[in-house]
Structures are given as C-alpha cells and as structure tokens.
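Each structure below is given as structure tokens.
First subunit A sits with subunit B, and in the next complex the same chain sits with subunit C.
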Partner chain A sequence: MKAKFIFIFLLQASLGFSGVVSDTIYINSGFLVTATDSFYVLSYNDSPTFNQSNYVINIDKDDTLLLSIKNNHSQKHNFNIDGISGIDTSAILFGSFKTISISGLQPNAYIFYDNYVYNSYLGLKSVLVVKDYNYKHYVLNVREFMTDWNDKLFNSVTPTSSYLPNCFTVNGKSYPDTKTDSLSKIVGNVGDTIIVYMVNSGLYHHAMHTHGYHILILKSNKEPHKIGRSKDSIALYTDEVLMTRVVPDQPGMYPIHDHNLISVTNGGNYPGGMITMFHIMP
Partner chain B sequence: MKWIVVFILASCSLVYSQPQKTFELVSKMDGIHFLDNNDTTNIWGYSFYNSEGTPKPKLPSPTLVVNEGDSVHIVMYNTSGEGHTIHMHGLDADQANDGVPHLSYFVSPHVDTGNYRFVAKHAGNYMYHCHVTSTLHVTMGMYGAFIVKAQGGVNQVYTGGPTYTKEYIYFSSDMQKSWNDDYMSIGPFNKYKPDRFLINGIEKNQLFQDSSQVIQAQAGDTVLLRLINLGYSAVKYEFPSQLNATFFTSDGRILNPTEKSDTLTLFPGERTSVLLYFNSSYSGYIKVHYHSLYHMKGIGFNEIGINLFSPSSINEQIISTNNCKIYPNPTSGIVNINFQIDGNEKINIEAVLFDVSGKLVKTDRLFHQKESLDYSNLTNGVYILKLTGRNFSETLKIIKN
Partner chain C sequence: MKRIKFSPLFIIAVLALSSCSRAIVFNDKVKDEYNLSPNEIKGLQFYTSHDIMLERREDEKKEKGTSSSGTLVISEKSSSETVLIERGTKGVCVKVFDDNKIAIAFEADDNKYLVFGDPNRIGRYSLFAAEWKNGKGILEYGGQNYYAMPGSGNCYLKIKMKRIKKYKKSVKKVGGRTV
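The block that comes next holds the complex of A and B.
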C-alpha cells in the first residue's frame, strides 16, 4: 500500500534527494488469537483486512510522510505521534479518513497512537521508524492484555476489575507463534549489524532479557542515561522506545524474553507470551 | 605450511592456558527455608556435590566465583524428580551451553548429568538459574550469584578498573510464600503476587540478625556492592548520600561514563557494581524498595545495615535529637532515655514499639526526665519506637541484638 515518489526540491539540493512517502494505515477491529485465547482488539494495518500485528511505518531521514489514516472501525478515533506537536488530532469518524503530512523528523522511532480512552490499550499503538542507516532492523513492540477487559470493551462495558494481565505479546503474537513470525524472529548472520527497536505499548513495565548477546542501547525516549550501555537485561518502561544495536558474535538460536516471568505465559501457562528468538547463522 | 602448524599449536596452547574452574552442583528439590518470624517454607536449588552426602539446598544457591578469562565447566547432577538446567544469565554462553530446554543441555530427572562450558570473558556480576518452567523453578529458589572477578582475582571492579577494599553481594528476589508452601497446586503463573521480599534469601530482621549481611567498613574503605535482581519487582536502592555511591558496571559491562547517584533501580535480571566511599566513619542503612512493574508503587521493603554491629556502635552509639537522647543502640535489652524537655513541663510520654512490619509490640508510659525501657524479652531485630506526648513527637529506630 506504500508508494514512494521522489521529488527534487531545489531548496534542498545541497542535501541531495528528499522523498515524499505516501502511506495509508487502516484502523481495523478483530480478534487476537494466541495458543490459549481469542479476544477483541483494534489494530493499525496496511490494508482494510484485519491483522493482529500492528503495521510499522518506515521512512528514511529527510523523507516527508504523507500519511492517510482510514477508520474502518465503528467508533471515532484520532491520531497522535508521541513527542511530535502540530499534528491534526481531531476525530476521524467511522468510514472517513484523514491525511497528514509530517516532515523534518530526526532519525528515531516514534510511537503513534489513538488517545481516546481504551483505544491504545486495545491495540492502537504502533511505531513510525525514521532511519538513517542501511542495516536490517526489527521492531519488537511488546504489549500485554487482560482478556477480561477486552471482552468487556467488546460489549461496550467499562472494565472495573484490577488490571491482572493474562496475555503477553510481541508484535501482536505470543510464543510459540513468535518463533515463526518474520516480524519478531530476528534473523541474521554472525557479524551483521542489526538494529532492534524495543517498544513498550502496554500498561506494564517490562524487563527484556537477551540470551547469547549483549545489545548496545543507542537511543531512549524515556531514560537517556541508558544510552551507550551494553546490556542483556533491559528496563523497558511503558511508552518507552529503545533503539539498540546487536552485532552477533556467535551462531545459534537464543531467546529474547521478558524477565518479569508473569509475562512468559499464555493464559497462565508456561512457556508463552513475551518470548521471541534470535536465529543467527554462521 | 610450517606457519600454519605453528599458528594452530599456538592457538591450542592459548586455549589450554586459560585457567579452568570446575564446579559440581546437584539440583535438589528438598530444601526447607527459614524466613522472618521463624516462618518456614519449601525451596528448591543447587548444592555443591559432596560424595559423602550432598546437603539440602539453601536460598540462594552457592555463589560461584571465577576470574575474568577463566574457562568454566559446571557439572550438574540431577537426583531430583524433575528435569532442570542451568542458564548462565548474562554470560552469553553458546546455544548448547545456554541452559534453555529444547535448545541446550537438558538434564533429565533422577540420574542424569549435564555439562555447561563457557569462558568468563568480562568481569562483573551475573547469576545462574534453572530455565525449566522458570515461572515455577525460579520462584522455588533455583538461582544463585555468579561472580567474575577481574583478571587474577585482584580487588578491581573490572580489570584495570578502580580498586576496592571490601565487597558484598546483595541478591534480591521475592516469593509468594503460599506457592512455596504448596508447590503442587500453584498457578496460574500470571497471578504470581509476591509477599516476601528477599535479599540473599532473607528478609527484614534477618538481615540484621546475620552479621555477614551487614556492611562493616571503616574510614578509608572503598566497598564494592555487587547488586543482582532476579525478583518479579523493580528493586530501588537508596544509598546514604555521605557514601557517594558510584556505578561502574551494568550487566557485566563497563559503564562509560560512570554514574553517581543516591538511587539505583534494577529491573528483573539486571546487575550493577556500585562503589561506596567511606571517607569517614559511618553507620546507617541502605534502603531497598520493591516496586510493582505495573504501577511502580512500593510493595515491599528491606534495609541493609552499615556498621550496625561494630564494637564502637554497640556500646557508644547514642541517638540524639532535640528532645531526647537514647542509648545504647543497638541494645541487648535496656534502652535508656533522657528527655530534654523544659523542666516546668510535666512529662507524660507514650512509648510505642513496632516491629518493621508495623505490628505493635509493646507500649510503655514514661513520666520522668530519665527513663529506662526493658526490651530484654524481644527477639533480635529492628524496631520502630514512637514517642508521643504533648508538643513532643519522635520516631526512632531501635536495634535489639
């Protein structure tokens, strides 16, 4: 659904080419399915067909993004980008769409979301990546759900029970589905430079642990003092985006998982939830 | 061709010149653990193999210490009724030695033996734990500290780094005691709700009753704290500002630049090396808060004592406020109080003693300028003494030992 048109702007000639990237995201509703559960969620997708994995928008540094947001859901929504002001955040009604233009973003990853009550919780929180490198990159968007809340929201009932999540996801899927998910399973070769964005779009804080490798923190929107640290256990606060880099020095298959161990479960059973894998070849 | 042979021989000699450290551990599921107030519960863990009878596991399991560059071999015997592994958390072992079921060595129940081999490449603080049904086996206590000292075992935070004179390991974790009490019927695992908050397997008063848990340092000492967190909580340390806490490594890697702060929060799995500088004599506490990873509100609390039991502090420490002097503290039983209240004012002070959980222990009424409270019958530990009168209020910490 993405079309990229290159225009030459004379005023920016000294910078070379700048691109205008047109992209469309659809606000869809559907059911997120794990090994143990099926429950109502909302999702940003790149087509009118529901997909339980949120779409990630990718542009290059200096690109201008022309983004259309199409509301396929029966309720109104809005659109915000964390840390970016001046965006039209007025309501997008059912069946309508809005197009916004964004330019001048610094290389980083930005959470975009719907801030109407419970819509972010239900899934409308994904990432816009602005890159200035040519390495392979992955986004690990972690999020937990309490399926009882989702069931109530599906029936337009406001949840009142304490938040006790029982479903834990990476890019909208739970282990073991993440093992075969091209979005979440990090594949590469020894010596590759791989950029991994860790994004927490849930209500819980998470503690991501990498087996096999330490990873270098390049950026954090919440805790800049962490930048430059080489870590295997990483605090990932709610709404935090970490840009990290890993250069694998050994082949193998190694888990990446939340070390708050309630999160490595599906419906209370181990193993499941927030686990994905490195698969590094020689 | 000759040079290739020389190169291969040289490479082999380098490999074999690495010192070898071997540990023999037995995974066991028959431990009994004592908590505060003499509560007991079940634990699982690892014990050092002993041909004359391997002891029951303790919490945490034995600390394993090697030097940077050592080639490490851990032999694990399993005589228990379930399968186990050893995951070397943060050591970046290769896949076969990573201790993850289905991907690495899995040690079958009853009679199996597993071998884990890796090189300790970076000085720092690590841990080992079972990776089989972690939600159960870690909760039951199958974990311990793994320390990689600087090359040669010298007292440097990392090889070539700052030196220290003393070191302490504080390994934080937690448990939901009812799960350990009745581990056959626990779960669902997402409903784990810790109610015992531990440092080195113990809690609250136990941390003061065991003198090895109390930092003993004199003026001029530089003390290394090896802080490791394997609980389900974010653990926030509050260091006394007088000690200029400085952080030098995180997860076994050098921090550059170092970080100075009076607070440090460790999420599950994180480790940090902290230096405390005793430029002058100091006694007091490091406060340890356990925060929920949902709302980051406090759900547990401990304190690590500093110089609480030094000979000078036992007999001479006086708590002095604007209103009163209290001594000795720590006390073996009798606490003397000298009130410094205007002589014309009639003294009528209520002295209420609580334990650290907030439970009322004893109430006395005091009417004289000089009073003595008898706490001889109390169990050893830390208590909070609240003194309340008209225009008078003090809250003080009393240590019984």
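The block that comes next holds the complex of A and C.
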C-alpha cells in the first residue's frame, strides 16, 4: 500500500515537472472590422464567441498539450500542425470536437491550420508557442486579405479573380487599432529581453521593418541562413515563422511595419494596415 | 545654399489630400466614441459598401379567350421590377429603432427605406432581411416585398469622417514688474 502511494506521488511529481496543459480552441466565423472595411473571416478563439484575433496557444518545453478543437462553423474542418506528423487530421464536423495529445515538442513556434486553402486563407492559421525561457514574448501574426474574395466565400462562391489584397492585418487588426491592442503593441523597458515571433499566415510575402531597434533572428522555419543576423528589415515568407529577440537600448515609441507601401494602408489610405508599435519605457 | 522649390500645384495637391475625409465603417464603436444621438445619426451621410439588388416579380396572370377565327388564346402576363443600389450610393437615416437598427432611404420618398442593423454587435450595420435563404433575403421596400439578390447581404454602412485639428498659439513677452 505504501509503495503504491509512493508510486502515485512520483508519477504526479514527474507530471508536475513536465506539466499537462489542457486547452480548448473554437473554430468560429464572423466579420473582421477595420477602420474602413468589414468582411467575413474564420478564427481560432479561446471561447465560442467570435474574436477577430486568432488565439495563440502557449506551453512550456516538456509540457504535454491536451488540445480540444471544437467546430462552431457550419462546415467541416481539419486540424494540422506544421512540422508535426502523427496527429489526427480527420474532419471535425459542425458542432463536434476532437481532442489531441501532443508532447515532446522542441522549443519553437508552430503554425497550426486547416489545410483546405480557403479555410486557412479566411483565418484558420495561428501559432503554438513552445518556450524554454522566462522572457516576455509577443506573436505578430501578419496576414492580408482581398475583401472581394471574402465576400465571395461568405456567399459560398469560389473566387476566380487574381489575388490583389486590399486589407492588411497584424493579429487580426489593422492600424490604428493595433496601437491599442495588447497582443500587437510591444511594451517593455530599456534593457528588457523581449522575444518576438513574426509569423506570416497570409498568401503574400512581407518585409517587416523595425524602427528604433535592431532585432536578432534566433530561429526560422523556412530560411535558417537568417539565424544570427541582427536586422531592421526582414523578409517574411508565406508560412514562415521567425523567432527574434530585441533588447531595447532607448526609450520611445517606434513603429514596426511591412515595408511594402500598399500593406500600410486601410482602403487605400495611409497610414493603416500592417503597422504596430514598440512602446519602450526608461 | 540649396533651396527647395515647391510648385503651387504641388502645395494645392498636398493641402487637398490632407483635408480629405475618409470612409469608415459605421458601427457602435463610432456611435459610442462620438456619443451620436438619434438626431445626429439622422444628419449623417451614409454610403453603401456593396451593391444591393432588389427584385420582385408579379404573379403570373393567365387569361383565356378566343380569336376571331375561333382559336383558343391563352395569354400569360408577368412583370418584374429591379431596384439597384450601387456601392457608394448615398443614403439618409429616416428612422432610428431601439434594437441597434436604422432605416436608410436612398430615394426622396422616406417610405422607401432599407433597414440596416447590428443587433448582435458584430461591428457593422448590415443589410437586414426578414429571412435569408441561399444568399437571398426577403425584405420590404416601399411597402412591397422584394428579394435581395445574392451578394446584397454583404452590404453594410459607411460614413465619411474628417478630423480637423485647430491649433492656436499665442506668445506674450512679459515686461516684468517693479516694486
């Protein structure tokens, strides 16, 4: 009997070190609203209520993730994680859910998505962060839309026109809404170490530019030759995830934005779109 | 010393662009931020974000008769009417309802209006219909029932907003005061 208690204690202690994290994400549909546009999107959220910003899953290295995916959308969906094989990718029907268990992930950021191209285009592409550090971190998930495509998909019509995006977002919001968005606005103090994951979940490539500070590239899932470079302009390819580190050396408010001019507009008006801010205090 | 010259045309263009108003999505955020009263909403110029096409068909009427040569003649009469409200069409609010809905008239007749609303607070005032089926909406316009054709359901309201900042600077040199 005593041995049994010791075994259970040791089992719980070992689980306690590694940790089992239970999380639930909901596949919701709704309308993304920027200052100048509103259009149909899909989103991964942490509640059944639609939120235009995708939910980011955070776990620590060695954690086991028990993830439930609930489908609140009227069509079937599947669930995939980039670079991870062996998970159940079968369809999740409307109103149903599935639970998957993931463990042994290396510290990094992984894109999870629905592999039907229009579902991931509409927004079903977010990030699972596995961390092995105790710094503050941010995920800047950039994505562009062609609102005409979204209108067509809302009416169950397959878009046939060329892809010419006219709406640009960071974590589901466009500037100036990003200015007050706690997910996108990078807040810290001089000398802090801040980890910034830059993720491109859109169909276009982007070129992120930082004012005020250079950032050091720590990891890239697409272009490992970038690792170790300290830059203020970084190419961010479709489906690329960059793990970067910034240690601000001066206080101030400085923008981070796509260097492509069309991407920093809302409805053709500058400034807007893919702009967010550093807000660094002394 | 190098002097930069700007042509008068360039200066006019810059001034004109800087004073442009921009179309924004009309929603509760705007309504609440600027504390817009029903009367102020009625004073706004609204614009449609997408085309709206309304269609109605009169029931077919069958008439029978005979011609002078004794032929049985069956004639069928039907008519259809289409109302097209193109993207960017100007409209005026003629009624404000309690449940986050407003009536917008695009014609001179105040009774010819469409209802737009955001009862679930999704962030935009969309075209409202009694029922949407296969992309088609059934709604009333000018006292008659119409079908809002597929694509019309994408339409929401925009308004134009212009920010004017006035800055007044005064400098006063104080001469001092002696005992």
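One rule holds for everything that comes next: the second predicted complex is superposed on the first by the 265 of 282 C-alpha atoms of A that agree within 3 Å, B and C clash if a C-alpha of one lies under 4 Å from a C-alpha of the other, contacts with A are read in each partner's own complex, and residues count from 1 in each chain.
Just so we're on the same page, contacts are C-beta pairs under 8 Å (C-beta built on N, C-alpha and C of every residue); 3 or more make two chains touch, one makes a residue touch a chain.
As the structure is a computational prediction, the values presented were derived from the model and not from experiment.
Visitor: Please indicate which partner A:Thr34 is in contact with in the superposed arrangement: first for subunit B, second for subunit C, both, or neither.
Guide: second
Visitor: Looking at A:Arg245, would you say it contacts subunit B, subunit C, both, or neither? Reply first, second, both or neither.
Guide: Neither partner.
Visitor: Considering only touches as defined above, state whether A:Asp151 meets subunit B (first), subunit C (second), both or neither.
Guide: So A:Asp151 only meets subunit C here.
Visitor: Give one of first, second, both or neither to describe whether A:Gly267 is in contact with subunit B, with subunit C, with both, or with none.
Guide: Both: A:Gly267 reaches subunit B and subunit C.
Visitor: I'd like to know which partner A:Lys222 touches here: subunit B for first, subunit C for second, both or neither.
Guide: neither
Visitor: Decide which partner touches more residues of subunit A, taking subunit B and subunit C as the two options.
Guide: Of subunit B and subunit C, the partner in contact with more residues of subunit A is B.
Visitor: After lining up the shared chain so the two structures overlap, which partner does A:Ala207 touch, if you call subunit B first and subunit C second: first, second, both or neither?
Guide: first
Visitor: Figure out whether A:Lys76 sits in contact with subunit B (first) or subunit C (second), or with both, or with neither.
Guide: Neither subunit B nor subunit C is touched by A:Lys76.
Visitor: Show me the subunit A residues, by the header's touch rule, that subunit B contacts in one structure and subunit C contacts in the other.
Guide: Shared contact residues on subunit A: 267, 269.
Visitor: Which part of subunit B faces subunit A closely enough to touch in the complex?
Guide: For subunit B paired with subunit A, touching residues are 87, 89-90, 92-95, 98, 100, 103, 133-136, 138-139, 187-192, 230, 232, 234, 250-253, 255-256, 259, 265, 267-271, 293-294, 296.
Visitor: Name, in rising order, each residue of subunit A that touches subunit C in their complex.
Guide: Against subunit C, subunit A makes touches at 30-31, 33-39, 50, 151, 154-156, 267, 269.
Visitor: Quick one: which bits of subunit A touch subunit B in the complex? Just the residue numbers, please.
Guide: By the definition above, subunit A touches subunit B via 163-166, 168, 203-207, 209, 211-214, 225, 228-235, 250-255, 259-265, 267-271.
Visitor: Could you pull out which subunit C residues touch subunit A in their complex?
Guide: Residue list for subunit C touching subunit A: 22-25, 27, 49-50, 122-124, 135, 150-151, 153-154, 156, 158.
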